[in-house]
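Chain nomenclature is as follows: A, B and C, assigned in order of appearance, with residue numbering initiated at 1 for each chain independently.
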């Protein structure tokens, strides 16, 4: 499917989606509530995006941005889905039930950025110690002992 | 923020019904690296495996936010230390794509030869370590005999045996050692004569086959759903070789096969890696005599600045797809780097394939997943 | 021609000259005890070094070569080190059983030295039920292992000990049947008669098919009985537990370690006696000249040569094959080896009755 076809197909699943074509692949920006139905449809619908190869979060100082890179093993087309989250209360629906790889990836985003994924089967710290305080990958994370400002 | 005690699962439910909860690692001869597995057993059967990570977490992603674009490449050598050239290559490709640097052909050929040599060295170490886990101590020494030849070649050219910081954005750091071609050809001759030893000692051994056939079966849909890449997915029949699907450097000019097996068990994963070694030798043979003359590095500025935007590159390491994702705000340091490591997704499939089997099978499954823990913890 | 028999007769004559018969007997007992203990110690030293050298050469490296010429004194150094280590007894362990277990295993080894014929007329005790004695005494080692596992007060040790125990008890059956094959061919349980019956050729050649099958079964069964690879799941280093001797350190561990190697020597010695003629030289039919030359080599050298060849075979197995899983191990015994050994016994009975062996 070409970019134009995708740009016509997506608003049927998520009406408020915006597009950004400056990068290598088509970026689709949706709100946090629209994410789950869009993901389900992309996985099970006609695009058959069965391969989630990167799930991460980016901290822009005013808001958090969830980034999902999807691809399909049949037609090898990639697409990037982004969702903006509020910095004070970042809540978003999990996509574990659609792609099992999201289980570990979302745990990592949770401990690094503080994003809470609803309906996640086992949301707890993966790499950091259990009693670690704070969210390290946020830009406002201060650690006077371990962080050296160059 | 949220009350974290609500989210932490009640761990006292482990150990109910007379089940034994044991810890494997973090210091354990079989877990390659510091991996802590909490295994819940019922007799000899595994009920649940929970990996506890983080013993070698070095906050690489945060650290790279204060390193320049020339500096952060070499941190990736320390992540998956067995595919250090390939990781460095991934980062260099990303920067070249972002800044639009022209890479001379000589550098491209040499980078591919080094990547394939690294792949063979990584598979050799995997072969030795996996055979040792299953109790055959001798293939370890035979595999290291070949690996020693490769590390000697690397030491001559790159100056280091494990973390070889040699690939820069634009090409290579310095030119090849004059003995490079001769030594690589000697290695190819030795490898081809010795590969039958591995066949006889390990592959055709009936004890080895009965310990790996039918053990740890992973279906193709599960492999894709869990995000597995590399030999783990190819053993289940999923075609995912980045060198074939999204070719980079000179991979579109060489002939090699993508090795696929359909069984999805440990033996299939073993066979995929052994055949991949042969394919890598094929690639090196095609390239070693045809390295073009010329520059070994393209023209670049001293201080590199990526334009504002996002970039993603992927390369095929010995373990699977290694992806680098950079969000740049136009400065000299990245705003956010994410390393998509292959081991992370491959580890998540361990619980799925080992549950229901025995402890002895866990060794076979874990050995064939080929996990390198620094790659997972980053 | 050097002969141990000559030494023993001359020592006995000298003693009978000097002392009265009872005193001479007592002194002879003391001499035999000292000799067997020193044989134990020397064999332990030699076998451990042999294992390390064999392993090294199979793995294309050299092995110990610094301590003494060719690494000869390496085991002495290791033993000194183990003696000087602290022998820790776990807190809640059963102290009596914990201390007794290594000695039980050692005692079994020493008791089994008695009926073995090291050279012509050089046996400590030529009992008329030699083979039965060997089978029954070797079963006692299971008690030592279970004692060690239980007394350690450690669930992993207990697990390892029970696995070991199950393995040893199962494979004793196959070993027993293999040994029985030779007994059927000879018609006697007495070891000296078995060796004498091989004067015109070793049983492995004379007994053709059933003897070869019995030998293969025997070698597999004794590798499993002595907990050697590929059947060493109970003490495997890269598996979960370190087996029944996890909690042992210092001298007690050294005793277990030594006892394992002595066990290997004993089962190989028995294998050499039953299948390869013990101290009998290699005689080929009617080739008089050849037989005469073979007779020049002392019988003790023949015996040791055959035993060490079998020991080398067992060591070769360890460094070549991967480990069997515990259910595959027991499967192998009960579903494959036991039926084959039963069938083999029938076969050898038929052959012995019809006289179809050489």
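Worth a mention:
The rule is short, and it goes like this: contacts are C-beta pairs under 8 Å (C-beta built on N, C-alpha and C of every residue); 3 or more make two chains touch, one makes a residue touch a chain.
The structure presented is a predicted model; accordingly, all values stated were derived computationally and were not measured.
If touching chains are joined by edges, the resulting network of the protein chains shown is an open path.
Averaging the CA coordinates per chain and comparing them to the mean over all protein CA atoms picks out B as nearest. One finds 25 Å separating the Cα centroids of chain A and chain B. Mean C-alpha positions place chain A and chain C at a centre distance of 65 Å. Chain centres here are Cα means. That of chain B falls 46 Å from that of chain C.
Counting partners per residue, chain A has no residue that reaches two or more other chains. Across the complex, chain B meets chain A through its residues 1-2, 7-9, 53-54, 57, 59, 61-62, 66, 221-222, 224-227, 229, 238-240, 245, 309-312, 314, 321, 323, 325, 327, 335-336, 338, 340, 344-345, 347-348, 352, 377-378. Touching chain B in their complex are the following residues of chain C: 55, 58-61, 155, 229-230, 232-233, 236-240, 319-328.
Those residues of chain A lying in contact with chain B across their complex are 22-25, 50-54, 56, 58-59, 67, 69, 73, 76, 99-101, 103-105, 114, 116, 122-124, 126-130, 136-137, 149-150.
Residue ranges of chain B in contact with chain C, taken from their complex: 20, 22, 24, 28-30, 44, 131-138, 140-142, 145, 201-202, 205, 207-208, 210-211, 358-361, 363.
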